[in-house]
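Structure below; questions to follow.
Labels run A, B and C following the written order; every chain starts at residue 1.
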Amino acid sequence: MTNLVGKDILAADQFNMAELELILQTARQFDTISSAGGTLDLMRNMILATLFYEPSTRTRLSFESAILRLGGSVLSVAEAKTSSSAAKGETLYDTGKMIEGYAHVAVIRHPIVGSARELADGASIPVINGGDGAGQHPSQALLDLYTIQKEKGRLEELTVTLVGDLRYGRTVHSLAPLLQHFGTRFNFVAPSELAMPAEITAGLRAKGAEVTETSDLAAVIGQTDVLYVTRIQKERFADPAQYEALKGAYVVNNALLQQAKPDLTIMHPLPRVDEIAKEVDAYEGAAYFRQAANGVLVRMALLALVTGKI
Amino acid sequence: MTNLVGKDILAADQFNMAELELILQTARQFDTISSAGGTLDLMRNMILATLFYEPSTRTRLSFESAILRLGGSVLSVAEAKTSSSAAKGETLYDTGKMIEGYAHVAVIRHPIVGSARELADGASIPVINGGDGAGQHPSQALLDLYTIQKEKGRLEELTVTLVGDLRYGRTVHSLAPLLQHFGTRFNFVAPSELAMPAEITAGLRAKGAEVTETSDLAAVIGQTDVLYVTRIQKERFADPAQYEALKGAYVVNNALLQQAKPDLTIMHPLPRVDEIAKEVDAYEGAAYFRQAANGVLVRMALLALVTGKI
Amino acid sequence: MTNLVGKDILAADQFNMAELELILQTARQFDTISSAGGTLDLMRNMILATLFYEPSTRTRLSFESAILRLGGSVLSVAEAKTSSSAAKGETLYDTGKMIEGYAHVAVIRHPIVGSARELADGASIPVINGGDGAGQHPSQALLDLYTIQKEKGRLEELTVTLVGDLRYGRTVHSLAPLLQHFGTRFNFVAPSELAMPAEITAGLRAKGAEVTETSDLAAVIGQTDVLYVTRIQKERFADPAQYEALKGAYVVNNALLQQAKPDLTIMHPLPRVDEIAKEVDAYEGAAYFRQAANGVLVRMALLALVTGKI
């Protein structure tokens, strides 16, 4: 039978369909229990270590909330980069050997690709990648998947439009290949400077996915079931003028939504700045804050599954 | 019946008499149980988020101790100013929308007036203001009130002398209007540069309070039931020489106490530096460390009341 | 009957033999329960405050893991130096008075010798020294002792070789006097610049200990039961060239181990950098990661004993 006991969660593409379904189904169970006001005590006496070598308050709090809701507890290192061990030159491999003596499962966030793998090589306990630089952030992709399924009632046969910074956006790089399993039709909407990397687009097409690339959001909004918005980050541009020119290009507001399907779902990994107008918050399909809350459920599922507590 | 379920706690002056009494009475109950060695489990499975955009170790630990003593748990952001979300430009409104998915109640500390209100506007969970700049710090005022009642056996008919920096001291600005409900006679003792703002004094007098303003502590110490000392902060002065001239003006020591009523109660929001001599610690009426401990009880009361767990 | 209820743990040399045996025996009990998959709830409803005025991730997490495994909870101040109270000039004595209102036991780490004592003077709750500058770090010495006993099956009649920076290494300064109780034969291996302080060596000899001092590790490795390796720290040297010359002097690797007893135990307080080659990790006697895990058990013992929960 499919299970994830003892497994590290390092990349969104590590899962087969049975594993994906197991995660989504477990999150759904937890959702049902939580919504009914129930509480869970599955991970009582278990400790999660959160090792954050760069700040990511949302990801850290989401994982910590998840373990607490399962009855467990937390060892928190919010500023691991300045930790004494890292400063003294300890390898992540050795940090892994250390943390296995202190906790039952660990989440790591690190600016360098491959860091989660290095920690996992050292640690005998399950390690979850909470984002490693331009690399992977699998729990984000899974919560996106869970949100789409919950909002639309299904994952199959959807048209998903990804808009904004598709070049540097780790989130969309992980999500698109996951959605491809479910026959998603893609629209990739970005200025050419921030287009989806060619190898990802080519990879999706090679597996039979229908992908439309455009810089015109209005042209595709009417055929979109799920609009996934990402922030265009100033720090990506050498030339500030170029940033100023592009940043307003894809603002989602009520005017744009008038051209959308009435049941459009709008998602965003947050934090949002100006790319979704505040007026949109009142829209029924504005799912981005629910998406954030779903992160706790999906992370509860991951924690309970890798420790064999469900 | 009076209750505070689902309410935000944003300002000391938001409470009517029934609500004040409810808070004090709840704290008293918790005090009785704790003193008898009992434990409480009222908030089991509930999570408090502490979002501190400026350091305030005492306030943060006091709230965190409160939720732990109620059987709940904590999501702690001790350095929220440098959090990734704040750095990326997320509004406090959006942070509120996020945190409601992670926790059941939140405390915010922020250097800017109105911040707690902005977070509360976003969050559907109760928000407690842990101090917003020159604005409010309601739980401090409530614990001061609780301490006076506990030390003196009553709140009515007391002469309370506030001494030190009455101009910038947020604590005394919140406490004085609360005490006014109970017919307190006030002495405001400060150098003219640090006098109580005229609008507060005028407001108290307009409601019938008896207020004496002086710069001479010795002149009023003999008629004082409660002496509330605040620290004169160096950072308030452009001219260091002026600070040096004023800082020693109101040092409470044994010599001063010889002129005081034998049952004088001495309070201080802490940390104290030199404004209360260490020799005073041995004095029976030195209540400032008990006052700090009372902070946990009052914050337990607030947490349990706003979440409807009592 | 011997007990430690209400005691502060400030220095490794504060314990008599009965107390040492009580601590080791309690750790052993917890070890047995943990190894059998059991859980402990001895400190339910009790709060540990960890006050770290300098970073020491390993020590902090180890103590926090210890209280969590006992069913208790944590108030964590990972950056106490920048705490608002310390910044405003509060004494550690006053901090002690504060923390006794918030927690049931406290651990302090501080760069200045005597800090733990100052906090303990203020606090009515038990205080544990988690390292104060060049001073003491008693829980480290105790976990070293526990590890030797567990790895070798006994503490008596062993030859222990301490190698590396014996001049500044707080760890070895605390451990050697403890081992002396058990008739240990010592080899102190260091370059002359980093030799064990003469007063420690003299003190051991005065109590009858057999001590050999040398700079040649190979000369003594064959007669060694326990090899305790410490890191030579760059920051100890005014002249970087001197550091470069010395740092490679005592690298433990497979070539060296060929000259060792087959049942040699290798220890290190961690983090290790280059002084133990990674190839050594596979060696059965490489106990340094087990040693780190033992730290949790010994700290559980200390916490439970000083709070009278066992």
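In the analysis below, contacts are C-beta pairs under 8 Å (C-beta built on N, C-alpha and C of every residue); 3 or more make two chains touch, one makes a residue touch a chain.
Just so you know, these numbers come straight off a predicted model, no measurement behind them.
At the interface between subunit B and subunit C, under half of the residue numbers appear on both sides, which makes the contact a different-residue one.
Per the C-alpha superposition, subunit A sits rotated 120 degrees relative to subunit B, a value rounded to a multiple of 5.
Distance between subunit B and subunit C, defined via averaged C-alpha coordinates, is recorded as 40 Å.
Subunit A has residues 73, 76, 78-79 in contact with two or more other chains. On the subunit C side of its complex with subunit A, the touching residues are 39, 54-58, 61-62, 64-65, 68-69, 71, 73, 76, 78-79, 231, 233, 270-273, 278, 289-290, 292-293, 295-296. Of all residues in subunit B, only 44-45, 47, 49, 73, 75-80, 82-90, 93-94, 97-103 touch subunit A in the complex they form.
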